[in-house]
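I've put the structures underneath this note.
Next, two complexes with subunit A in common: one pairs it with subunit B, the other with subunit C.
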Partner chain A sequence: MKNYKTIAMIVVATSILLIIANCNQNATTTGSGALTGSAAQKVFVPPGEHDEFYAFMSGGFSGQLAVHGLPSGRLFKVVPVFSVDAEKAYGFNEETKPMLETSYGFIPWDDSHHPDLSQTNGVIDGRWCFINANNTPRIARISLKTFETEEIIELPNSAGNHSSAFVTENTEYVVAGTRFSVPVPQRDMSIDEYKGNFKGAVSFIKIHPETGRMSLEFQILMPGFNYDLAHPGRGKSHGWMFFSTYNTEEAATLLEVNASQNDKDFIAAINWKKAEEFIKAGKYKNMPTLYAHNVYDESTHSATSTMIKEVKTLDPSELPGLVYFMPTPKSPHGCDVDPSGEYIVGSGKLAAALTVHSFSKMTAAIEAKDFDSQAYGIPILSFDATLAGTVKQPGLGPLHTEFDGKGNAYTTFFISSEVVKWKLGTWEVLDRKPTYYSVGHLMIPGGNSQKPFGKYVVALNKITKDRYIPTGPEVCQSAQLYDISGDKMELLLDFPTLGEPHYAAGCPASLIEPNQTKIYKLEDNNHPYVTKSEKDAKVVRNGKDVHVYMTMIRSHFAPDNIEGIKTGDRVYFHVTNLEQDYDVPHGISMIGANTSELLIMPGQTETFVWEPKRVGVWPFYCTDFCSALHQEMQGYVRVSPPNSNIALSWTLDGEAL
Partner chain B sequence: MKNQKNNFTNIFLFIVLVTCSSLLLMFCGENHSSESNTASDAANTQKDIGIGPIKEVKLAALDEALVQKGKEIFEVKCTACHKIDKKYIGPAMAGILERRTPEWTMNMILNPEKMVKSDSIAMKLFEEYSYVPMANQSLTEEEARSILEYFRILKSSPNQ
Partner chain C sequence: MKRLFIFLCTGMLIFPGCDAGDNTPSSAAAASSFENNTPKGQASVVDNVSAKNILQVAAGSKDHTTLVAAVQAAEIEHILVNAGPITVFAPNNAAFDALPAGTVENLLKPENKSTLVDILSRHAAPGTFDVKQMRKEAKKARKIYTATGDYFEVTVAGDDIYVEGAKILGTIATSNGIINVVDKVILPKNN
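Up next is the complex of A and B:
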């Protein structure tokens, strides 16, 4: 009895301790005061639970797209887009090499800048993410079912593809403008003759409503300014596209001085519905050119690259009604349209105030022909005629504005390192919070649509300095999360990001999560070198080319012993993952292969090339820890001299397949 | 039970345990539902229906078309680990329905993760085959049923 009592006591005491241990999580005290504790709670996503929002953040000079969760800030995936990625074999395997083809040949890197999400009726629909390559002008489309880059289209006549990739409100077009104006078509001419001779191409890429496939529908050849950022009209202003411009001085040297001379540059208002009418009426010129269109096919798990040789161009100086200029002070960067479509906010980088144009005043001024003058045949509207208001003394160096859907706007200020909240219509500043440091763009999920989800704003900072434990001269770049659900903003979290987090787009996870591809069905795999069953595994010689049809499943390859390979051969390993279960990828790598590993998803086929240089017996193995016997997942290839007569053979467990 | 005293002690202990457990559940709302082994004794394999969506299978006359369909699916989705007459990554399939119930067989195909954790036969097999997990090949019930029909023609062979 005594013993039992003791046991009972222990059980009770243990239970109480357990209760305390398990339940005390809420009472977070960090020693930094109550505010810090409540911020921690707001960003804490308990183990096993999911974030409320996706954030798609450009990798800047990494060329990729980073997928974070909000409010936790956790990084989930780096989607390779414009740069090779050895981890995922992007740009290394035979299937994805064509994705990085351009009219200049294969390019392994670019600078990715502005992701934007597809919309239906002005609301984010969770289907695709688009992003631009800045250096060698391209637009990519990423599927939000597979989180893979499915398509990349190059843009001719463009250079420094910066005012891109912005999506119209029914995803009719993705619009991309050139930052650098260049001779169009390119030709050997003096740089001094820039003024009046260079052109700024603005591209309208049509999106297929079902498949998302892109086609370069037309380009408008604008005057030779720099086209910096853009946003589509929405609601009442749907059918218009707005571009900020700088260097209306048309300087070709020392731009930091010479492109800051004019008191006002422009926001260009382009009527793309009108452009469609001109195209339909045949008012375009077909221009010979060259650009690549690369498409990844989910059924063959392979990409193709096609060169296209012509583009339709429109000349706004000859087509009245196509383009108008709205004078906007001091080299505007951000060009942001509020959810109603009425207000167009121009962030003059060097201006003391934010300039807000009114869409309805703009159309009235066009109607009344209230023009100040013209530039290259394009009417310049009078500044006062389109002005809705100015936000006075908001901060220094305004860059970018997004909206919360509750009548408020949030603008970043690069020079004074802050986010400022102000009210649409009254233009009064409501709140300001510092950023650490030098904030560039910001993002409210859906903040660039008719329906923002105004719970958080993410500030994307250019400089980090002392915010994290240091990592040598190069420190991480970072983002900061603010709660904007109340009257005042509250800084909740710093989190490091990939490359330069240049720009971002976000939406509720519920728009994307239910549509995820979990496996590729083997029966739907139409890869030309697929092996759907071990009995079909084989090795085929065709001259010096040898094709290995290989399968993988926990935890072996078939075949795993191959003989009859010779130095000087070119061996293609076409490897199919036979798994049909979620999250069971396998990898493969071969000693001495001058390429990356493959990382193959269930039901997928990928190919790497190996050119054996030395005689011997060479191992390969699975690179992704797949099961308790992952270390046993390996094989050997015998490589003989070119003149040997060893027959080609392939086996598993001593038996031919 | 030796005497009344012991009996009381046991009841007391039981109450303490139940109370503590309920306290834990009440206070923390944590729900560690442990999957209990509903399978019968391993020795009684002919009755074990396993754990999963299949509760009862009625076998009628052999459906040749279904056998053919099952064979095709088996060859693509299963033969990387299962041979007919030879122990391989997993057990040989010949005579499987002489050893296992149709329900157990289909549940093993459709619900392998839970089976190797909680079904006593599957747990033993998991251990015997070096803890290589039975792959969930994401088959539908209909596809698993056709494989079962194919298994009906695989009689046990002396080579096993």
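Up next is the complex of A and C:
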């Protein structure tokens, strides 16, 4: 958010604000479709009924992914992705700790940015949600059957993983570009030598068509610009990937001034089908590196982390036809492709107009070699040759654009705090509505795919100020829901969001609801410490390590009395929920355990470690109100001094199991 | 246990006729609360994945058609799908048939709903009392506290287990508790 303050200053300084007055007069279209009926009726989902759409909203600096319903705006789940979550034991239990391993070690936090959904033939298919970690570059894959993070892959040579995680139209790749260019490979060198020496890596992560498993297929080592956002080609432009760039000045200090010197930066057009050919032809370099690949296995209910030491790289300056630059005014941020794949919208943050490139004009210009010049061996296409049109006086501080599939585009304007609807092809502004305040991203369900589902646009605001009952200096970010079914947008709802919602992705609930996992089948549980029935519950000592094989079912633990534990032991509670009934999780927590509770779904096994430090008899209990006898669901562990000869025993109702 | 019982009655609006001997209908407030819910509460949840619950198992048993009809007439289906855990001592059809002629027909009449609720609730106990646990109850001389506030005695004779004189003919584990099939309808002691 703070970055934008700079923009504001610059714009005020150049007196462009005068445009606003004119802009508002431009919106003259008539029509009243969206104005009929009350807003309250349109967002009211009666008790017991379901929302029509899922909205997956980035949790921003919380590092998580928030699942809301539309049109109600209700929050249903926070999926832990890049940050530990004590509520769900993510990153605290032994099973999920490997998910947060990186080449830098265990990292408990990140900044999640841009969720995007898997697609088949350019249409959202409801299988997976991908999202990027900005700080320690990673991409995560979340299963939309279980709403759990199943996989995280780290990206080497990347820093500030911002132009990510965008999905090609058959989910061939998830693409991720670095915001900050860095020395590649990293080395001890003067920052003053940035220009010409730093590189910007863009990563192509291959997705297995059935399992969704990710593998870092190759990286293209681009010139040392900042790569801000990206969008895959659609339809006719499938096979291309478009990245917005800024800081083509290659400044390493005071970027708010030094990265705004050039009249135009670029949208980089990368031909990834060509990249595949180069890889196949062996025209890559294997570069030694280090990155983590973490996979959660639903069968063992456990994650593993593997370090990988090599990556294939392509050098665009040596590989003609791989990358072209399309000049785009003033530090473009959003880079959005319309459903037909023809138009590529570059939102110059500081520009007075929106620039729209034409894909067919781009290919013609490439054919005709209509180049202005080149940068690091990469051809720069002539600005006029690729230009489809400009949206004039649209607003101030354009950021992002989504599409309704009816020939209209919707762009957010940070500085003038509004969403502006305009027409593809004629570039005329049709409508504008204020947001409260300073909107960043926006989302139309399916609005970045070949098939937008339309109906609503959600504006994701950076600043809230006075919109809700206040909560001290820190107030939430917010979302606003607009009906876009008529000619004019209609503001329906205003609701708070988790963290700072950067991007969001949405789709009809009907794509996801029928595939939900309700329980994990106990018979399929292959956790190495699973206990499938009470009679198998036991406690095993191995030196100072003690393994408790415990079960839970309404409304008791087995065993619930354990003796023979000593101070200095390391006690692993491997707890299996024997329930096979939807929505009957159990929890467990132990007094003094230096970790979180466990929240265990039916049929699942989880483990926490307790290192008792004091002699005594210590209780544990179920943390989730599981049943009418929940308050009875508890147990005791007797802890004796290290030299004690109390035998190890485990019982339930006074008897051995 | 008393606290738990109060919770069961008030918190979850179950066992509306739980005061033994009180045959007045459940309160208007409770009735309107039901009306505002889906007709059968949690019993209307569609779930083909989970293990079967007590109601689903009973509904699938040809030996329990009278019991299921009675549960429906009493409108307490939602109790039998609740998280529980619940143990139901489920009289089979023969047990109902053994009642004096006309008893069942009479109980199924709408005006006798609260009596029916009371009789059925007497056959439900919070907790998970499978055969193993029932033997333990007998051995330790622990009584089973039912939803109507009665205490049932558990006895063992050879291989057979009896609860309040009713013989347990079989035990079925369900997703939310236990069904112990019994050969008698367990009526209030003062009857």
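To be clear about the criterion, the second predicted complex is superposed on the first by the 620 of 657 C-alpha atoms of A that agree within 3 Å, B and C clash if a C-alpha of one lies under 4 Å from a C-alpha of the other, contacts with A are read in each partner's own complex, and residues count from 1 in each chain.
In this text, a residue touches a chain if its C-beta (ideal position, glycine included) is under 8 Å from a C-beta of that chain, and two chains touch if they have at least 3 such contacts.
Not measured: the values here are computed from a predicted model.
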{"item": "Superposition-derived comparison: subunit B or subunit C, residues of subunit A touched", "value": "B"}
{"item": "First (subunit B), second (subunit C), both or neither touched by A:A628", "value": "both"}
{"item": "A:S555 touches, of subunit B and subunit C: first, second, both or neither?", "value": "both"}
{"item": "Subunit B versus subunit C as contact partner of A:Q580, first or second or both or neither", "value": "both"}
{"item": "Which superposed partner A:S215 touches (first subunit B, second subunit C, both, neither)", "value": "neither"}
{"item": "First (subunit B), second (subunit C), both or neither touched by A:S485", "value": "neither"}
{"item": "Contacts of A:I519 with subunit B and subunit C, given as first, second, both or neither", "value": "both"}
{"item": "Touching partner for A:N121 - first (subunit B), second (subunit C), both, neither", "value": "neither"}
{"item": "Partner chain in contact with A:G48 - subunit B first, subunit C second, else both or neither", "value": "second"}
{"item": "Common ground on subunit A, meaning residues reached by subunit C in one complex and by subunit B in the other", "value": "519, 553-555, 579-582, 584, 627-629, 653"}
{"item": "Subunit A-facing residues of subunit C, complex", "value": "4, 7-8, 12, 38, 47, 49-51, 53, 82-85, 126-128, 136, 175-177"}
{"item": "Subunit A contact footprint on subunit B (complex, rising order)", "value": "5, 9, 12-13, 16-17, 20-21, 23-24, 27-28, 30, 75-77, 79-81, 88-89, 130-133, 135-139"}
{"item": "Interfacial residue positions of subunit A with respect to subunit B in the complex", "value": "1, 4, 7-8, 11-12, 15, 18-19, 22-23, 519, 522-523, 532-535, 551, 553-556, 558, 578-582, 584, 627-629, 653"}
{"item": "For the subunit A and subunit C complex, residues of the former touching the latter", "value": "48, 518-519, 553-555, 579-582, 584, 602, 626-629, 631-632, 653"}
